[in-house]
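Listed below are the structures to be examined.
Below are two complexes that have chain A in common, paired first with chain B and then with chain C.
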Partner chain A sequence: MSKVAMLYDASKCTACRGCQVACKQWNDLPGITTSNRGSYENPADLTPATYTRIRFREVEEGGQVKWLFLNWGCLHCTEAACVKVCPTGALKHHPMGFVSFERDLCNGCGYCTQFCPFHIPRTETDVLTGKGKSSKCTMCQDRITNGELPACVKTCPPKALDYGDFDAMVAKGQARVEALKARGFPNANLWGDKFLGGLGRLYVLTEAPEKYGLPTKPSYPWVASIWQDWVQPLAEASFVVGILGTALAWLIVRRNIRMEEVE
Partner chain B sequence: MTVRLRKTGSAIQIRWIPRYTFLERALHWGHTVTFLPLAMTGLVLFVPQFAPLARGEAGQFLRLIHRICAVFFGLVPILYALLEPHRLLATIRELGWSKDDLLWVKNAIPYYIFGKHVAMPPQRRWNTGEKLNVWIMVAGTITFGITGVVMWFGRGIVPTWLFQAAVIVHDLTMIVTVNMFIVHFFLAVVHPLMWQSLVSMRFGVVSESYAREHHAAWFYGEKRAKELYAQRLAQEQAKAQGGAGEK
Partner chain C sequence: MTNHWIDLKNSDCIFIIGGNPAENHPASFYWILKAVEENNAPLIVVDPRFNRSAAKATLYAPIRPGTDILFLGGMIHYILENELYHKEYVLHFTDASFLLDPNFQGPAELDGLFSGYNAEKRTYDRATWKYQTDANGEPLRDPTLQDPNCVFQHLKRHYARYTPEMVSKVTGCPQDLFLKVAQTFAETGKPGKAGTILYAMGQTQHTVGSQNVRAMAILQLLLGNIGVAGGGVNALRGESNVQGSTDMGLLFHTLTGYLPTPTAKDHPTLKAYLEARVKAAGKSYWQNTPKFMVSLLKAWWGDAAKPENDFCYDYLPKLPSGDFSWISLFHAIYEGKIKGLWIMGQNPAVSGPNVRMERAALARLDWMVVQELFDTETCSFWQAPGVNPKDVKTEVFVLPAADAMEKAGSIVTSGRLIQWRPKVAEPPGEAKEDIWILDRIYRAVRELYQGSTDPKDRPILDLNWDYGDPPDVERVAREINGYWTQDVLDDKGNVIGRKGDLLDTFAKLRDDGATASGAWIYCGYFYDRDDGTGHFMPSCKRRGTKDPGGLGIYPYWGWVWPANRHILYNRCSADASGKPWNPDRVLIRWDPEQKKWVGNDVPDFSPTKDPTEPGGDDAFIMAPFLKGRLFSPLNEGLFPEHYEPLESPVKNLLSSVQSNPVAKIWNVDADKPIGDLVGDRERFPYVATTYRVVEHWQAGAMSRWLPWLAELQPEMFVEISTELANEKGIKNGERVVVRSARGEIQCVALVTNRIKPMVVGGETIHVVGMVWHYGWKGLATGPSANELTPHVGDANTMIPEYKAFLVDIRKAV
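Moving on, here comes the complex of A and B:
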């Protein structure tokens, strides 16, 4: 199966937050108590029980307030650092191109939260015992592997969310960017197709990514590569050398030392 | 302390010299019984081949064991320092380096591996290898402690670069200390020349002959030990020249 992706069109989004509700409903996630922070944005952040949310950015331009909406959740990187550092295999790169999550395998170590370049996965653990689990958007792995749309895409009233083949979504996004440019959005751009192997959540933006609080060119956390590709094999090699070395030394010692002379 | 061996009657008398106090041995074994489970549970998360053991409930259990052992791993040295502060300070002074240590390292391979009975620079209560082991373990315990606290309590509080650095440093420290443990196990438990090191860590004493051979500066005092060492070197030199002359 070829790689899939979601496409979010910020120019169509009305911030109705239907995606948030559908996500909670399908994934059977509890609601959480929130408070008024002087913004329509709610909840304030992703949580272990909130896989997706709409970010509200208020930007002032020429004395006018402009609202920038952004659908936020796991971006399903093709080069996913969370998959690299996950010691249990709970996070995997699915052949369909999204980052799947198997809750039963997770032991709550929380490495994924510290290596994700977008700070998406959330782990809630007991401070003392460390008991707990991570969680994040799975692109509705149980729906899409059965030929259904992700819940958020299915529910989106203005059709700001779309889902399909990665290449098709990129082509659609690019076409939309051109259309937007022609209709008075000179800064329109497509975000997510050119880095980290191509994201599984692509964005059509009306303004520059920084205005949405997005990095222009996010990079893979190199520490994850050093850790898994260098330190880890170095450790195994050193143990083999250490054990074989002492075993060999023991064989030589046995030949050379006469116990009668030992004091 | 003179101990009469039961079966051999009066034939053999061994003079046992106290080397480690009860608390020193408690520190050593307290660190051993926490270090080993720490290494094993840590490696389950670290080595990909052990991934099946790290999963789900089992993984959470291992992480809990790791944390419990970590607390005692840190607590044991602190308790020791509180209970025997004066002896600890004296030990730290004994653990200082001198230029003889380099020579000891140079001679250690022919001596310990090839069984050549070469003269070794006189050692005090700790020989160079033991000193090295102690210092690496002390540095390792401190590094494990700092990085471990960052990983235990710091997630979501400290910046991610600091957490990532803590993970890497924790693992590098593990590589050094686990390999040190392998070498330490070999020399202290497996190696035939050093069979008394295990005895001394169990009962706190070494025999007079062992102390004379391996810890001359401690047994005779620095001055006498140096004299004996010089004599021994002269003998070895004469022997080497004599041997060369015959050929």
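Moving on, here comes the complex of A and C:
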């Protein structure tokens, strides 16, 4: 298997949110206190205890209402900014292609949170110990490396979520797009296969990506690659240069970088 | 369901009206979308709100709550007018050609009423509500369907008033959208095509709920959609085992297997009961009621039930006059006529209509026992907001009960599929299985009566109750299935049945006491059968995955009542000569060589009856004249007629009869702050409806305590249109007060474009929607929508009108 991917088919999703609950159940994540803010959508955002959620959007065109649902969580980029900036190796590309996360290695620096083009990983700091940890969807690495489906895919009642080999998921997604176009969705499209090296979470959409609040050409700033591609190799040669590099990278980050808001 | 869940994939058109399966039956959408994807089936959703099902629809049309009959009647009109009905089907399988009593008149002639109305008593004299019959009692027919007295012509005249203009004017649905729905669904009238209707409480919880369902049945009969794969009138049951509960006689008017409960007035003796049932049965299979009833009495009273004592029929409680439906029961409690109440797995302090009054009723009880998993609002009704616990004298006992996973037993889906489930966990703490609790209660009660010689105590002492200790649920299952109570031999001395052996089919039930069966329709469900791989086990435990024919029937998976028939009335899937309408979806077909019906489903017909013989097209074996009934008497008439809900913002535009003339109306304390109050349009200008969301379960006991579900839908909300919000100065997410004649609640306003104002009779009408899951207990809380719903019921079932009533709304200050 070259690399794996999940395929979310928005045309089949009924927003039952079984995926959200299955994710919390498998990953032992607590329910959090929420309120109704005038929407079915909850929790309001991804949190350290919420790796995946369904976004709801009402769109009206020509007097016709559409209610668009979108499954959201780590997109498992092949060119992943988080992997590049992670100084401890907690975030890595697993040989199966997804972005794995080793919580024990995470030092809570929060670079992943700042550099992710989709603003996915969340970092929280323990007020007592001062120690921080990031968190995000791992594609259920403990399940898929043991031959099981991700919990969200396993539970999805209308089978809007699928999982398998990246190429197979792309082929399936493209076939779905063609079928949807024939069924009266001229704007149907596959999102995620053509940028950042191909995402590990692909989307079959019935409308243009912007209608769902998705960027058409997501990218991350070049400085994100400084650490892994430049600083780290140098650091192995020179601790001092490493320190300087870190300081430099951090300054640049602080001054120039604004994460790309996607929500 | 006439059909079943998986069968949805066989449909050519799926029509959802008065249901929201994406929300309330999420697993069904896998099959629905399969039909949409693979058959290119249109998915039509008609609902007051653009809901989660509508989000997947290919065609959505809005409708004002409580006007379904006009919408469906408009479709019937469109189909008749444009001759889009399935002609051969209608002629052979329905009563369209039967002639009606010449004195029968309907709303088209009598301005909204049928002949025989008595305004004082609010009832109908049914003298003219019948077919013309010959000397043998056979209906007279006109196969040309031209006689002005035939059912077909009556139907045509009745619905001639339901024009597209009228539909649009009353329901608020734009005419072009309505016509698109009618055209799309009428396509399924072509022979070989199948359209299904999915509905739920959005159809039934109205003062005209039963007639809503009748309207769907007429539509489907006209289009030839009953008895075919991918068709049917499909009630999506609201709870996982509510089908099983009703099968088991949960409701007051039936015993098990839909045998009517005897009444004290009409059925003082077994003979009187059976004669009345056989007479009402006509030519239908209900003629066998004596076998079902005697077997039931044998199951309940065992050896004590003998021919000479009418099989203990006297032991059976008879209904006194009056009705014992939900609202009446709570009125009886409210008025002090009922002193004690035992509640199992229900949360009426949230789910009851006009729930402030129903909570007040609970406070007038001497005692109440609640068997529950959680501390529900019902357990703690004495802590309700605004109630001083000191004022409540009711003594409440809570018995902690085991959850479904913590006990073995059967569960029945909407598609009548019975599946046995094992116990997979021990109940926590002191929680006990319901069967254990009931067994202990019975033993304790019997102890109290031990030694009594009073004849009135015999029903308890003679009860056939021995399920072991602790009670074994499989012994109950075997009793329900049915068994031989003695050895039975045929004329030649061959054994037909051995005492104690389980019965394999209700066809073997007898009226002489030689068989016992706790529910005739389940007869055979626990009988050992092959699961398709040569392994034998009680039928409902089977999990065989063979699907000969590929129609999703899976005959070796569990067991479907009756007789493992998956699609009811399946004789109609073939034409008069026995040839399937659709060769790709064969349920059954007549094989002239073998001289029997063969195919993928169990025939719902005499298996060897030649279709070309007389009666070979009598496909509806449970109807008195063996035909699908376009004409069928319910309490408010024979064809569904539009009446406005009891609380409506408009005058009835179709006739001068405003609301259902025989709807069940109570007037208890109608002049007090808590009582059967009715609101008017001046004070309460907006139409309200109630519903559920996928994240919560019914009255919330099972979901509002779960943190993962509470976070998804944390609190009570009301959905209103952007237009109404603007008019009232309400912003999305703000708190609002919603008031009806019964009370007021405060909750979050969800302002949305998914609800639109409607134009009805030239006026703008606003619709607001409320979920009804909430109460003050648990992690997700809020006021109950039922504090606003009315105490008024359907004329036949007395189901409360939860789905259409009047409210006012304002910003909370």
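We adopt the following convention: the second predicted complex is superposed on the first by the 219 of 263 C-alpha atoms of A that agree within 3 Å, B and C clash if a C-alpha of one lies under 4 Å from a C-alpha of the other, contacts with A are read in each partner's own complex, and residues count from 1 in each chain.
As a working rule, contacts are C-beta pairs under 8 Å (C-beta built on N, C-alpha and C of every residue); 3 or more make two chains touch, one makes a residue touch a chain.
In this text the structure is predicted, and so the values were computed from the model without any measurement.
Chemist: After lining up the shared chain so the two structures overlap, which partner does A:Ile32 touch, if you call chain B first and chain C second: first, second, both or neither?
Modeler: second
Chemist: Applying the document's definition of touch, where does A:Asn146 land relative to chain B and chain C: first, second, both, or neither?
Modeler: A:Asn146: touches no partner chain.
Chemist: Who wins on chain A residues touched, chain B or chain C?
Modeler: B
Chemist: Using the touch definition from the top, say if A:Ala90 reaches chain B (first), chain C (second), both or neither.
Modeler: first
Chemist: Taking the superposition on A as described, I'd like to know which of chain B and chain C A:Phe69 touches: first, second, both or neither.
Modeler: Only chain C; A:Phe69 stays clear of chain B.
Chemist: Please output the residues of chain A touching chain B within their complex, sorted ascending.
Modeler: Listed in rising order, the residues of chain A that touch chain B are 87-90, 104-111, 113-115, 119, 123, 127-131, 221, 223-224, 226-227, 231-232, 234-236, 238-239, 242-243, 246, 249-250, 252-254, 256-259, 261-263.
Chemist: Sort out for me which residues of chain A touch chain C in the complex.
Modeler: Listed in rising order, the residues of chain A that touch chain C are 11-12, 14-18, 20-21, 24-25, 30-40, 42-43, 58, 60, 65-69, 157-159, 179, 183-184.
Chemist: State the interface residues of chain C toward chain A in the complex, per the touch definition above.
Modeler: For this pair, the touching residues of chain C are 22-23, 26-27, 29-30, 33, 37, 40, 50, 52-56, 58, 693-695, 706-715, 717, 731-734, 748-754, 779.
Chemist: Quick one: in the complex, what on chain B touches chain A?
Modeler: 45-48, 51, 54-60, 62-64, 67, 112-117, 152-153, 155-156, 160-161, 163-165, 167-168, 171-172, 174-175, 178-179, 182-183, 185-186, 190-193, 195, 207, 209-210, 212-213
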